[in-house]
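Chain naming follows the written order as A, B, C, D, E and F, and within any one chain the residues start at number 1.
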């Protein structure tokens, strides 16, 4: 049994980029944690931030509940992720609370700044999660172990070349069901970016599936670091 | 009015990877030439080569006819492309016959050897097409001009990052119609690789469209070379 | 008619790296905005910062005036660009004021830290410019549109491989005239780095011209992102 | 039970670059085939080719016998690998004879020309092994399946960044024992390149082990292609 | 006689990654400065930070003394390097104090966040070290010269491809002796990461030596920038 | 005293891409060999090949004579370089005749096919030059040593990022004088490609000089291979 953590910048990022993989982990009996760093409260041009934040937290809880995942709600203001000391402390506490064997987060080459900075904060907090003397933390240090760090695809798959694939054909409908919980964002993407989220997610999963030799797939890359070149598969 | 040439390894490669763009060129009044280097006669496990080659030539002629393109049939044996002197001579003659302003061919990083070698032969024949003293050529030298060379996407879009896009939304149905002419290959792909060609082409065009901000797109990269860094768009 | 914005770190960066392109846009009737993020007031070893900042602003206004460009003067202290919240707010306001269709800024791989951080701030402010609820902004949100983002060459063209070129042969003398307005920097570069700016700019434009097949050119790369893979040319 | 094939250019390449992994496959009950494309008969400055070829074949058979691997002896003249039609035919027959589920060969970026060309020939023969109508072959077509293709590290690990690792700690002594069979080459490397092969192999396996978090490892990269993005681990 | 500066994030980084090269510089009569940015006081799970910081400073002084190097002790809290204004000021003062002709620091692609940020701070402080009007500095500006900037290998050499090598065969025992001064860290690495530092350093130096054609080597890459493309060797 | 060999595809390639460096070697007393693989006899649209070949050989001899270099004239037909067995034999003999310590040739990423194939042939012949039993060679094996292999810039410097620079400021006029010997090609470049060779060479050398911090420079990259990671500078 492993602890699986996915840290995303906004509500719905997990569902778009990683949910199929997390469903498979959940079905195998692993413990899943969603960490959503911001409240996604700027992602609309009509609904005011305070109201939107509450809506999006509720939608995220519904999505996480579908696979029995625990939700850590970071509550950082949307579009305001910075790799500074304060947010580092928050990220260290998130990692400590999840004590992960496997971490998923955004790719450092993503084209949304919040995504990049969340990725950087996860990278930056990797060692500190297991060091007991870091000051100003709310949570005690977790294992100083060799958690594996995977980077997720981006919205639209722009310039992303996966090195790892997970077959999500059998759980794709659950992924879509989880995404559909994010009603507010499904609507906003339609208005702001003329994008049908469900269709976009299907095209992307199908495109990755063509590469992977299955119907639907999610793609990832892995961070290489000392003693973390894997000699077994930890992906489902 | 420009001369547009697409050189592909097998019948159906043009339709899968470039037809939308060629339809648009044709609609703008440019002169289109299809060059199919091999007869695609090995691409089946049941139909004997001689018979298959004839079928595929016929299917290709039908597809080219849809947009009034001229067809140059290379007739090289399928799976036997080599960047040697004999095939170089053939490729130089093909380029000379088309006298192109814009050339499309496979990417040098494609994962099918025939595609790679056709790409290499086009690259290798670029200067010679315009040099009058190359011996053993059937065709006279054409213009020694600065034709632009674009590389096409590959089957499934594996590891290919386009730097240029063409919006093919309005002509996508024509592209599919051209592809459908290749009945024998549509069937073989289903049997050999469990692939529905029409669906694969739609997923890929839609995926490139997500990147390009339109419904359907084809993606390309451009060869950079002396005096060929473009200062205007020659793509439709 | 498009709104064209160039955001640079220091006075004279625009003239060195992008002015030819901006002249061409201006000649085509587009609206040009120069945004100079710092006052360039550290760029000398003799003239004190306060005095130097005033000189450089005056010089920049003269250069911008040559093509009737609007100037936004960021006023950040030279050599003190940081991608923090305060400067993010400033950059969002700059983008909102210009409401750009096309943005030019430094490359993220530039070797001057101020250049890199300005580039990062532009990247980081892209979505926020169009989101109405971002707090603490002086300017109202502008269009949430798909502005194109281009990265400029660097000083000396070190390790920069352009993917796009603009032919500036006919306007090169205007570019040099604009650069010549920066008298203080022309002098400082001579003293600090033993560099004749006008000559360096000519060599670099000529070198890019060799690649582009014209006398003088400026080179750029483009940021690829969701729905921003261009299907038409927005460069002059 | 899978068919595992390793195609190398010279006797001793398999032992240096892949033997640990093959031992592990053998211990798991898979069927192992060594294919050595050249006879390695030029690799000495004193022993004449004909004599050396016989010595090296004998040494290779001893090494293969240690893990009960089948040996296919290509017999091409050392330093004379060319990706031409004749050697392509030979390579297709080798692949057909082994009918592999997993193929290992040299990396296309290796710095020995024979290694590169063997790699290219394997790449070039991939589809043809399963196509029944390829003329002039001695062996009948094998499965047209989705064999996975892995590229091996190079001698000294120069510029090679593995994406996959196999833990060979427990079988490292067997790898060294297999290498030691190549007495003639151990001696030649000492004379020609001042290299102690056993020590070099230990340093390299230990270095890859540092990355992989184990005592000794071998590193590989994987060829990405249509339907070959793996969703499970086929490495031991 | 040149001023050689090595800026590292933690005590023992210099010894692991650069000491052999610094010994050689010292033997040639150059002036060596060690700058250790943090006190390394979080690098243990038992010894409290305050105590650990003192131990590590003492150990570092012993190591530096072996080659008569000057030590600048940054004193930043371990795991708390940020590329912000405060630490930038500190780094500028460090560079000014050393007034370097050659600078070594961590690679921007290192996988420890402190290493990356130290690298970034060095990069960011490069020009400011020689500009006299930077406010809030303790040290006066040093030369505005063309110091060369080299990036060091990382722990375990993960994904690092050196472009420059220094032969440290004759001074390798001194490097190991310097490393051995870091008793506390040798012990912590054993406990936290199951790593024998001396053995790891030997494997890595030997591996780089295989590439460089000598027994032991250290590898580096060089920052390319305007007027800093070297036309002579400044490495020993 | 070292043996310096430059192998180029056509007459005038050495002068354009490497002559400054060779002048400096010559001035330091090293032995210089020019090897021109083809006779350049296709490089004109008016002068017939046989006549042109003679003209170009004469021009090349004049250029080589200026620095007392030996000339090996390969005599291969222009635009007909192939990496096949026959041309491999020729290249091995060329390398054996020069017995080089340092080799310069075209970059494998050059955009002229003859340049690429000459580069590949040099790469392919590296080991064989020192192996005594290679059949069908005219020359006896030379040293099996660790000659360094450098790749030259390309015409126009397209997409080439040098990692090594040679300061040719003091010998630039000699380089131009050598280039001027190639009267026929100076004329052809003007006609065929609208290029003033002397001006192009000056722009490129000046551009590389900007990077290298001198007036004129030539840029190179180095091939990394086992035991060839240099620990000293062999460039002038």
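Couple of notes before you dig in:
We take it that a contact is a pair of C-beta atoms (placed from the backbone, for glycine too) under 8 Å apart; a residue touches a chain by one contact, two chains touch by 3 or more.
As the structure is a computational prediction, the values presented were derived from the model and not from experiment.
Counting hops only between chains that touch, chain C reaches chain E in a minimum of 1. Between chain C and chain D, the least number of touch steps comes to 2. Chains that touch both chain A and chain C: B, E. The centroid of the Cα atoms in chain D and the matching centroid in chain F are 35 Å apart. Averaged Cα coordinates give chain E a centre that lies 39 Å from the centre of chain F.
Touching of two or more other chains is recorded for residues 84, 156, 158-159, 161, 210-211, 224, 226-227, 229 of chain F.
Viewed as a contact network, the protein chains fit none of the simple shapes, being neither a path, a ring, a star nor fully connected. Contact between chains, per the stated criterion, is found for A-B, A-C, A-D, A-E, B-C, B-D, B-F, C-E, C-F, D-E, D-F, E-F.
Chain contact summary for the complex, chain E toward chain D: residues 156-159, 161, 200, 203-204, 206-207, 210-211. The touching residues of chain F, counted against chain E in their complex, run 146, 161-167, 208, 210-214, 217, 219, 222, 224, 226-233. For chain E in complex with chain C, the touching residues are 83-85, 123-124, 126-128, 130-135, 141, 144, 223-227, 229. Listed in rising order, the residues of chain B touching chain D in the complex are 41-45, 48-49, 79-80, 82, 84, 111-113, 154-156, 158-159, 192-193, 195.
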